[in-house]
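Letters A, B, C and D name the chains as they come in the text, with residue numbers starting at 1 for each one.
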Amino acid sequence: QAKKAVIGVSIPSATHGFMGGLNWHAQETIKRLKTTYPNLDFVLATAGAVGKQVNDIEDMIATRNIDALVVLPFESEPLTSPVKAVKEAGKWVTVVDRGLAQAGIEDLYVAGDNTAFGRVAGEYFKANLKSGAKIVVLRGIPTTLDNERVDAFKKAIDGSGIEILDAQHGNWNRDKAFSVMQDYLSKHKKIDAVWAADDDMAIGVLEAISQAGRQKEMWVVGGAGMKEIVKRIMDKDPQLPVDVTYPPALISTALEITALRFVSDTPVYGRFIIGSTLITPENAAQFYFPNSPF
Amino acid sequence: MSDTAIRPAAGPRLPGLSALGPLLALILLVVLGAFLNDNFLSAGNVTNVLARSAFIGMIAVGMTFVITSGGLDLSVGSMAAFIAGVMILAMNALLPAMGVGVPLILAGMVIALAVGLAAGLTNGLLVTRAGIEPFIVTLGTMGIFRSLVTWLADGGTISLDFAVRQLYRPVYYSGLFGVAWPILVFALVAIAGQVAMRHTRFGRYCEAIGSNDKVALYSAVNVERIRLLTYVLLGLLVGLATIMYVPRLGSASGSTGTLWELEAIAAVIIGGTALKGGYGRVWGTVVGVLILSLIDNILNLADLVSPYLNGAIQGVIIVLAVVLQRGKSAA
Amino acid sequence: MTAATAPVLELVGVRKSFGPIEILHGVDFALHAGEVHALIGENGAGKSTIMKILGGFIAPSAGDIRLDGRPASYRSGAEAEAAGVVVIHQEFNLAPDLTVSENIWLGRELGRVFLDHRAMRAGTQALLDELDSAISPEARIRDLPVSDRQMVEIAKALSRKARVLIMDEPSAVLTSREVEVLFRQIERLKAQGVALLYTSHRLEEVTRLADRVTVLRDGAVVRRARRGELTEDGMATAMVGRDLQDIYPARRHHPGEVALEVRGFHVPPLVEDVSFALRRGEVLGISGLVGSGRTELAEGLVGLRPAHGEIRRNGVPVAIGTVREAAAHGMAYLTEDRKERGLLLDKNLRENLTLSTLPRFGTPFLSAAREEAALGKAIADFDIRAPRRDLRVGNLSGGNQQKLLLAKTLLSDPEIVIIDEPTRGIDVGTKSQIYAFIDALAREGRSVIVISSDMPEILGLSDRVLVMRQGRLAGELAGERITETAVVRLVMGTAGDSSGSAAHV
Amino acid sequence: MSDTAIRPAAGPRLPGLSALGPLLALILLVVLGAFLNDNFLSAGNVTNVLARSAFIGMIAVGMTFVITSGGLDLSVGSMAAFIAGVMILAMNALLPAMGVGVPLILAGMVIALAVGLAAGLTNGLLVTRAGIEPFIVTLGTMGIFRSLVTWLADGGTISLDFAVRQLYRPVYYSGLFGVAWPILVFALVAIAGQVAMRHTRFGRYCEAIGSNDKVALYSAVNVERIRLLTYVLLGLLVGLATIMYVPRLGSASGSTGTLWELEAIAAVIIGGTALKGGYGRVWGTVVGVLILSLIDNILNLADLVSPYLNGAIQGVIIVLAVVLQRGKSAA
């Protein structure tokens, strides 16, 4: 029997909805690939902080003899050198979602598109609100990717006359989003729409709105494609007209393509950008995965 | 910890003048809030702030007893998440058998309290029987509870069945005589806590144990049992807080209740309870909780230079609130 | 020691108030080189306060401190010590987590960059040897019995090269043997020209040591005397302001049946195979040297230390594993260590008084009124003097703390009371009250065990005396056989025969 | 906090037999690791584990002094992030003037130490001069430092210029005689800390103050200054840790160093230092840090049922490590 190829997978731990979904997809895919390809082995490590993720990668190299690394960097900058070291050690490197700070390190890049994520949402706002409309924004945890999304969103509504009343951090967390939205509602007499930028936050926002009884006044756009939200779009909920995808399943794509490198003769190099698309009542069914935890 | 002890002439910390310190800070914050935003004192906003404070508030009341008797509990946030997870899963599981109805809700509540009790008992037994530092015990259980809920949720979110949720919602959103339930329950817990601390044996013993556990032991106080009880009480209150929390968003995940422990402990200390034990002030804790909630609320209502600086302003206000308290006591 | 020597340290018109209450009302007072000056007075008269002012620990509200005739410039205890004024405090001033040696050198460690452990240990050993003490320099203060802690305090003070040594009741927790050692040191320092200030409620010590005596009453000097001018009775009268009769009660006879029987009792690691019986209406004294295991025996009996052996209450075997079980069997213990085990120093009088008997003050809610009533009664019965009722107990004078502790222990109305050093730091006036109290307990048919290092107390109070030596019973004396010589012989282990007297009941 | 104090007979916590408790736990973990994976004891893995322990390790050594003297510092993690941020910004700013070279690196190091000193001084002065509880002070500065770095980074990441990073990298990755620099520096800090605790006045005074600050004051110990010094020392050590950390990751952001405070405090307590002060054991802290790192490493060696349960296993091991310690001491 030939030596098994070992693929190390390093991802952030499931601290909010999107990452939870990503964790779930990673584990499901690993399970599936293991049964499909008996000569593949996987080492999965999840990290709650940057330092821990670097440690995990070091451990995979030092003790688990991995042949390839699939990594979703907790943060781009700090992971660049450690991942580069992996590459220099002759391993295959797949980077998922958040690009490294230096180009050309990875063999394969599979990512969502944060700029598109913000832009698609922004374009929807621009198209569906009149000039002078007032909106509020909930931001995520202060990070580069949050900045990218928000900048793209602002750029997309530029010149539309839409006014952003407020943009506080909701940390991609339901509870925090709930209280921030409560306070927005106390503060602003008139809000036409909310960009919650994440479906977890959207849930908290919707609760706050319904508590204030202002459901009629505004609609909400979240993001990522959580099943509950997609379902409501499918059901034509007037409060949730659309959603913007940022599929946690992109980790599965990355894992599958990486696996090809070890089970076939045709390794696949390159960049796979999984664009963010608008989920509308019309196309919602194709984004609905009732079995996923996300 | 630092304490005035180093100035022998200044006399010891006594609940005299300084008692009003945190209250003063609270009043200043209210004035500031009213000044910054007209809606600050609106019924809606006041209800929001109070209802939000209720979870941490109930937990902090329990924490006051734990800290007063010389203990500490870092696990409460994770414990809340864990209880919420188990409660929701259990309700979903019981749904086919019991159907949507009040009994199901009541069953969920009983389960929440039972799990809270068990969790508190675990912490308490490890502290008293195994004799391990509370810091270590609850650091350990913090990780354990958090992991368990993430695992139960498969990394995602555990959601209460929609129909059940609709029935359960009013427990958070409606109330009695226009006062929301969480506020009412919190008020009851706070009053009961204050009475227990000042007017019952339990409170007296907590203070005695925190002040000097050897003296308590020589005075025929069942030190181990009282200590254990403080953790159990806290567990039950976390359960109660969860009962009020679940109807709000109807879900639990690995990120539910993160950092609640820090907030609860901070509220207790801001309220004037001594971290090293021996002196507890439940109403101070309530004031501490309100101060912390108000800071958040005011930061959201005001327009700051940069939201990145929220944390800094929060930090400054916390320190100032306590300086105010010290200032009064030095006078 | 002629009157001509100028005072080394002097108080002139010193007043001291805590809050609105004035404790000292214009005290004038002087210490001379090569003299022992005794300061005596009732509990709460202000002795410790004067000593703390002299030692720089608290500042007077008015008046002057003069060192060598000039205003003393020190503003803290540490600065006073640098100026040669050293205080042995009534409350211990030792860090419990540090060792004996570490405490003795605290603040003046030897060695340049690195500590010279060896030199400090050797220095400590030498000091302890000088004091005839077997304490290990490496022992942690927390682990030492109070008497040993007092010896460490004394060693620490002696290691400071003092010009003025102020001792606040140093002998209160010592046994007679150690008191002798202390006195030798005092004589030595006196010969070296050190000015000494001494307080004690044991007036015979004052008579023996003091070249001058100052009597304080309610914060004012009421009498100054030279050696020989005042008898013990005279001192007592001056302090209390009235004549004192014989302070010991008349002996009771006819003890009742056996209330407590202890057989083959072991409290590891020290106490071995102790057996005795205690009758109703009896006061049983236990004497012995420091470390002879008296405290351990008592703590073993009330479930504070793991112990094994047979205990019978009224003939029925009982198992006592905790203080609460002991209390359930009507047994109470008053600890010798009032600061660490007896009282909550941060709490007020009321909370301390009722702590061990709280269930009596209301369920589920405590009745503050009833507690206050109990406190009122305790204050009256035990003559507790506190400037304010809500005072933190740590701010009570030492003697008044002891009275409160007694009140607290007796509040549980026990049938068997074990009192470890009942009158530690209590003034003569109150002592007789406490003795009368113990007597009254016995007359009511209760049983009292008195563990005391105060020989006259043991002799004057006990119906029977047990003597412990090295963890074992060295003998027992009853009735006529209770004499100072007999007790001392047993204590020291020099009794040629212990036959008849050592027979167990 | 709980402590054996309630069992007078059991005798107080003494550094006698029990001293070996955490060491034993560490040895068991090493054996477990070697058993699980052949590469566990390889030079590479050992270097990895030791080098990554270095940051928390240095901080924990400083924390040992703070806790021993009765204080606490919750701000160290945020402080590290803040120092790293300022250091990187300063180096980037100096780059045009100084060019890529050793002087620039040295300038960065000096800046890191200076900022650490200033941060420690801030904490220390608030604790000693303003007389505020260390818990509150450092909770406040924790928020402040973290906000400031987020604000400096504009919500994103502050990155060191790439060329400078290349030059700076060896400070983490290479070493002397085959021992990586962080390990060397950590070892030096640990040895110096142990010596300072046991063989200098500073250490002695820390213990005395933590044990009873009044006694220390009466014994001519400058209590305020020693307390202040502990915070300053900790600040400097956080600076030093940051100097070793920046070459590893080359950047700083609002999430740098999150929860380091908890890890550092846990290491100190696991190592046998009393949380309430009075007794400190630097080598125990080192063992504590290694235990915590090893747990992570071992979890990576083995394939668990579910990665969601990592935290639970971590929690169990932490508690067990301390039970072991207590178990020994009870014997």
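Here, a residue touches a chain if its C-beta (ideal position, glycine included) is under 8 Å from a C-beta of that chain, and two chains touch if they have at least 3 such contacts.
Source: prediction; values computed, not measured.
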Dominant interface by contact count, named by its two chains: B-D
Chain A and chain D: spacing of chain centres that average the CA atoms, whole Å: 33
Centre-to-centre distance between chain D and chain C (centres being mean Cα positions), rounded to whole Å: 46
Distance from chain D to chain B - Cα centre to Cα centre, in angstrom: 29
Numbers and ranges of chain C residues touching at least 2 other chains: 57, 304
Multi-chain contact sites of chain B, meaning residues that touch two or more partners: 8, 150, 154-155, 214, 217, 254, 308, 310
In chain A, residues with contacts to at least two other chains: 13-14, 23, 27, 142
Pairs of chains in contact (touch as defined earlier), listed by label: A-B, A-D, B-C, B-D, C-D
Touching residues (chain side chain A, partner chain D) in the complex: 13-14, 23, 27, 43-46, 48-52, 54-56, 58-65, 74-82, 101-102, 141-144, 146-147
Contact set on chain B toward chain A in their complex: 37, 39-40, 42, 44-45, 48, 52, 150, 153-157, 159, 173, 248-249, 251, 253-256, 258, 296-297, 300-301, 303, 307-308, 310
Residues of chain D defined as touching chain B within the complex: 1-6, 8, 70-72, 126-128, 130-137, 139-144, 146-148, 150-151, 154-155, 213-214, 217, 223-224, 227, 254, 262, 265-266, 269-270, 275-277, 306, 308-316, 318-319, 322-323, 326, 330
Complex contacts: residues of chain A adjacent to chain B: 13-17, 19-21, 23-24, 27, 139, 142, 166-169, 173-175, 178-180, 182-187, 200, 203-204, 207, 211-212, 228, 292-294
Residues of chain C touching chain B in the complex: 18, 57-59, 304, 322-324, 326-327, 333, 335, 340-347, 351, 355-356, 358-359, 363-366, 368, 392, 394-395, 408, 412
